[in-house]
Amino acid sequence: MKKIEAVVQPHKMEDVREALKDIGVDGMTISDVRGHGRQKGHREVYRGQEYTVDLLPKVKFEVVVPDNRVEEIVKTLGDAARTGKLGDGKIFISSVEDAIRIRNNDRGEGAL
Amino acid sequence: MRRTLWLTPWLLCLLAIPAAAQTAPPALSAGDNAWMLVSAALVLMMTGPGLALFYGGLVRTKNVLGTMMQSFILMALITLLWAVVGYSLAFSEGTPVIGGLQYAFLRGVGLDPNADYGSTVPHQTYMIYQLMFAIITPALISGAFAERMKFSAMALFSVLWSLVVYFPLAHMIWGKGGLMNALYLGKRHGYPHEPMKPHSVVLSFIGACLLWVGWFGFNAGSAIAASSLATSAFVATHFAGATGALGWSLGEWFRNGKCSALGAISGSVAGLATITPASGFVKPMPALLIGFVAGVVCYLMVAVVKGKFGYDDSLDAFGVHGIGGTIGTLSAGVFATNAINNGLKEASGHAQAMGLVDGNPGQILHQLAAVVIGWVLAGAGTWIILKVVDQLVGVRVGRDEEIEGLDLSQHGEEGYNFEG
Amino acid sequence: MRRTLWLTPWLLCLLAIPAAAQTAPPALSAGDNAWMLVSAALVLMMTGPGLALFYGGLVRTKNVLGTMMQSFILMALITLLWAVVGYSLAFSEGTPVIGGLQYAFLRGVGLDPNADYGSTVPHQTYMIYQLMFAIITPALISGAFAERMKFSAMALFSVLWSLVVYFPLAHMIWGKGGLMNALYLGKRHGYPHEPMKPHSVVLSFIGACLLWVGWFGFNAGSAIAASSLATSAFVATHFAGATGALGWSLGEWFRNGKCSALGAISGSVAGLATITPASGFVKPMPALLIGFVAGVVCYLMVAVVKGKFGYDDSLDAFGVHGIGGTIGTLSAGVFATNAINNGLKEASGHAQAMGLVDGNPGQILHQLAAVVIGWVLAGAGTWIILKVVDQLVGVRVGRDEEIEGLDLSQHGEEGYNFEG
Amino acid sequence: MRRTLWLTPWLLCLLAIPAAAQTAPPALSAGDNAWMLVSAALVLMMTGPGLALFYGGLVRTKNVLGTMMQSFILMALITLLWAVVGYSLAFSEGTPVIGGLQYAFLRGVGLDPNADYGSTVPHQTYMIYQLMFAIITPALISGAFAERMKFSAMALFSVLWSLVVYFPLAHMIWGKGGLMNALYLGKRHGYPHEPMKPHSVVLSFIGACLLWVGWFGFNAGSAIAASSLATSAFVATHFAGATGALGWSLGEWFRNGKCSALGAISGSVAGLATITPASGFVKPMPALLIGFVAGVVCYLMVAVVKGKFGYDDSLDAFGVHGIGGTIGTLSAGVFATNAINNGLKEASGHAQAMGLVDGNPGQILHQLAAVVIGWVLAGAGTWIILKVVDQLVGVRVGRDEEIEGLDLSQHGEEGYNFEG
Amino acid sequence: MKKIEAVVQPHKMEDVREALKDIGVDGMTISDVRGHGRQKGHREVYRGQEYTVDLLPKVKFEVVVPDNRVEEIVKTLGDAARTGKLGDGKIFISSVEDAIRIRNNDRGEGAL
Amino acid sequence: MKKIEAVVQPHKMEDVREALKDIGVDGMTISDVRGHGRQKGHREVYRGQEYTVDLLPKVKFEVVVPDNRVEEIVKTLGDAARTGKLGDGKIFISSVEDAIRIRNNDRGEGAL
């Protein structure tokens, strides 16, 4: 089992979800994060006090999938999230040892 | 043409009537002035924070300040414009089409009562009260271009629109610019595909309640006195707000099996907008009816018709205010009665028959004419001004700026920084 | 029985007094009408947004709209009911127990002053002002069943309760339905085990401040004139609100070593609720005292007694409004003085002695009787109506709906969508 | 010294003038009383929720309740103080420096009009109206010590400051305590290194709008009658608020290429604060000018000068209110005219020339003297009181408490619990 | 060392925390997430515009624990979070290589 | 590739970011979490109802880095976040198998 973590632009969230749904990936967990990288931040000014905001809002997808679907999902996810501009985000792949479905104690790939 | 009708806004404004005879010599009444100052304050409160919150809650988080700012900047801009030429254009003696420059820079708009502008309150009280109307009208329209218009374009549009459409026509055109803006600007990026839920119905709720409270100043203040006519308009206003909420809620109940807070507040605003041209002319029971019809019809416009036609009237400025104003103007033709408002006299000295209920079916046609002319003038004027503004500064923000949100792209700030 | 006591609500309502002699012939006073229209607007503002926010901030995020909606729908529903029969039942001549149908559909409730209903303002002004009271009373009660009552049941309950309890008894029963509701409905799922912190003390704060401001209309408006009695009630109201906040804060300070914003605003609302039956009868210094006692006692009720008994009065409608109203009614028996309110005359023509301070200790018993009768009637009526509503539609939402929250389960919407 | 100037606050207060002759015998006017009660309610609304929200939105999430509580507790504390001795010290006949104890516990402050305190409204109306001013003044100052002052110290400071500085000097000292507090307390931990963005410009926006609306009561109420002078002050107030917003926005536009919502609302508050000492004395066009200058100058103070000097006036109480009040007092010397306010008569019976525009250049010097004396007294008094309070309870919270936030450390609660 | 990640129903958060406390698991990090899976979403309607919301609020627990406690904790956590209905959530187990207590630079299992 | 996850005090966020920037670590993802551990919580009282709040606000940094920079980064991060008091937080290190830059499909260490 692998965990695919993808940090994407917030306005791409809808597209990514639909792309994943289209290839039958249904289980996922999403959170609101802020990211920093090559993408330039912006300036905010409050009563003359300037702030350079370089932590930009991003959405993080976490999808745990069987090993054999990783490449397909990474490709689909990347394609849906891509705009070609700085800040499109990253995908990280790591290993997961076990999964449990709380409802019925199913374990392993069957629990995904 | 006298421009000093003391009548409740919009109604009967196409009738070439003489100013209502006000026989008593002008003398300040503390009670009337107290009421008019309060009413002016209430109408300002309608725009800010009322309307600003109502609209601000309906947009996405990233646009909340941009949307509220549209209301707020009008509180400032239109005030300046009004002092310089606006009041004069709208209310001084001029040509039949537009007022003169007699009152430019408020020269001659003094502290003594002037029979033409409320015979028991200072002329300046009348002037500042009318200003609050001049502010809220373009603010209402701004709901149609929320979430995608440049701030500069919006400011320029509002100034031109006030000069060319509102000041001359004054009270005929409530909410009618909305549709044009929505059509001209086109849809928001991602509409209707992406979810664009209101970021805070709570804010909209506060706004709607303050609108309701402020509307008492709007309608009951239009009597320009704390008179029984003011009471009548107050009652009609409240009644229509209430049944507007019920009408919309029932509509939702039938279609969805649930009624929502957003629906109830939208319905009350629809009821309030609709009764406006009729309040001060109708009795309480018709007001209940008018409000109810408004709630149901505006609901259908917004929930059914808009979806069918597919234009993006982001905050339903047209669906609620434009439609509401139209229903109201027509129902005034039906229910206006000289039992409430006997300001118009026949040659015989008797109060003139007003609406259908007074046995004057012709009034409905007059009102219809008012509606049509209002729509045509406002629509055409709005479209032309949009074209001009588009040439000058461009009306719509760029795609990236729209995605980033108006708060950051137009104003360089954010509405909320909770994690700070 | 004359139902047109112009007295400040609740006080002395069991005295079989003739309507205060109002000798001057009815004639409209612009000053009085201005004040009464403003007061009506202020009292509406108490319900929405005031109370809606005060309660809305106290619940969990998932229930914010459901809670605010309870106040808002009453602004609509009770208005309709009032126009149809409510005003007539409450204020027209009828049997000793309930009014007649003389004013049904507001027939005969016109724009001329009527000596029985405020001799210097249009009868409709009086009607609309009293309506705002009829709206806020069931809205206050709704605090007791927050976070777990069906929307339909709540609406039905409020309509029946208004018809059966409020319209007949009108002003005697402030906040007293609360306890019954809390007991009948039972505890919220997870109470008191799970944390149920207020989701936004900020919202409650805004609400409490607007309640305070609106309360001036509530109490000082009850003079039905911008008279010196209005000033007196205004001062008493403000003073009691202030010391209520201090009393509650001191209580917290002693027990927790800290005083909280929620405590201060709760205390001010307790002080305001408490002074209500007494304002217009007491001098400023007793008002300071009454407010302070209210703050301390309501704090103890909510922080100590409630915990002991373990009922779940979610938003302390009973602990603050019910207890406050009771303290206020009793203290009116002590501090009411004809130096403030000389509306009641003896045969000799002298102003009648009022409370203990006027040398009339018996009044305390009268007030006690008023309290007891009020509690019994309101309690019994409320319980019966709850039973009926429970049979008809069921009062409580299902467990899953309660966990999901009222906003989604009852209204299909959410209060906040910040991430949009 | 008569302390009963009915003049608009602050202006001309150093002139040793007799109380304006009010020839008509005192008699209650319902219209005037209605207006004054409304004005009192509006001024209370300025503090809560107005100012509380304006400031509360500007701080970080963890300090929102602590900041709003500073305004709220003053609504309670100062009220008590006022009833006990405050009103007497400020308004009864005493020595030239401070009033006497004649009105302690409001003895003799009755319900009949008193020619010295508004000849057409109950004396208590005057008393309660002035109280609302006494509340908001220390509340404004609290902006300078936001996010780092102990709650107990803040309460003690405000009480002492009211007793020693405000009650004696009453209207001279608006916002002038702010700088001292900012300097005495020192910078917030992490300032200016860490980001301290306003946690909710939305809240500040609501607050600013309510301030604007409430300010009509503040300035137009100062006429103590619903007179044409009230209208004049109302117009000046609105105009200056509007151009203040424009001035600040233009400043931002030039320096940043964008204008912000926070800037626009700050500018309007600057304009409103600035016109305050001049409203009721100046014509509409000068009011436009005064507001505009205020917007530009306060913007430069806050955005440029503050940065240069590096003091931490957290919420710009000094930069906006202190500077604004100063500009306003001076411009009153220029633009005050007896065409608006002819309360002062010469021996000949003619209205006395007022500002420069009336041909009285000397008035500017008087106003300058007023400013300087006001600054010196307020500055010195504030500094001394801070020293005393610091000895008694310590003014500043500990470092850890500051990092944790005032809400938790001072009040044991949190502003928002959305995840509940 | 293992990291146990559990996505559970928000109203079960309190129960889960207490269950963990009862078996002596004190260190944990919690975040608010939204999840998608078999559980059906709900419908929201704003002014006639319908939204099918299928990202539902969930709470994510992250607990890093010594290898030998994994099974016990997974069981306890699962039992406390279980309602038996769709949407109860998942537990994922993955490997952590090292842990550092920032305060005193402790490393390894001793840092947990 | 390793993922460094650090849970730190919110008021240390700025310091940590600057420390990381100073050693050239630019890519990172940050989220708001709540944590429980040895640090004592606080008491809140609402209308006499007491709540012991022992989930305290924390900020979580996630930084994926090449293996050879782990120690340096952990040290820098820890030093910047340290106050020496309970609650300073933890750093966890785990293995990441692959990284993809969505914008251009770069993979591996080059994608960081």
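Lettered A, B, C, D, E and F in written order, each chain numbered from 1.
Following the convention adopted for this analysis, a contact is a pair of C-beta atoms (placed from the backbone, for glycine too) under 8 Å apart; a residue touches a chain by one contact, two chains touch by 3 or more.
Just so it is clear, the model here is predicted, and its values are computed rather than measured.
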Fill in: Between the pairs A-B and C-F, the one where more C-beta pairs touch
C-F
Item to complete: Give the pair among A-B, A-D or C-F whose set of contact pairs overlaps with that of C-E by over half, matching residues by number.
Response: A-B
Discussion item. For subunit E versus subunit F, what separation do you get between their C-alpha means, in angstrom?
Written reply: 18
Discussion item. Rounded to a whole Å, what is the gap between the Cα centroids of subunit D and subunit F?
Written reply: 45
Worksheet item: When the centre of a chain is set as the mean of its C-alpha atoms, what distance in Å lies between subunit C and subunit D?
Response: 33
Fill in: Residues of subunit A engaged with two or more neighbouring chains
31-32, 44-46, 94-95
Fill in: Per-residue overlap in subunit D, given as positions that touch at least 2 other chains
29-32, 34-35, 38, 195-198, 201, 206, 256, 258, 260, 262, 412-414, 416, 419
Worksheet item: Of all residues in subunit E, which touch subunit A in the complex?
Response: 2, 6-8, 31-38, 55, 58, 60, 74, 78, 81-95
Discussion item. Quick check on the complex: what are the subunit D residues that touch subunit C?
Written reply: 28-35, 37-38, 40-41, 44-45, 48-49, 52-53, 56, 64-66, 68-69, 72-73, 75-77, 79-80, 83, 105-106, 109, 111-112, 121-122, 124-125, 127-128, 131, 151, 203, 206, 407, 410-420
Practice prompt. Give every residue of subunit E touching subunit C within the complex, in rising order.
Written response: 11, 14, 42-46
Response to the item:
The residues of subunit D that touch subunit A in their complex are 192, 195-198, 201, 252, 255-256, 258, 260, 262-263, 266, 299, 302-304, 306-307, 316
Discussion item. Looking at the complex, which residues from subunit A come into contact with subunit E?
Written reply: 3, 17, 26-31, 64, 94-105, 111-112
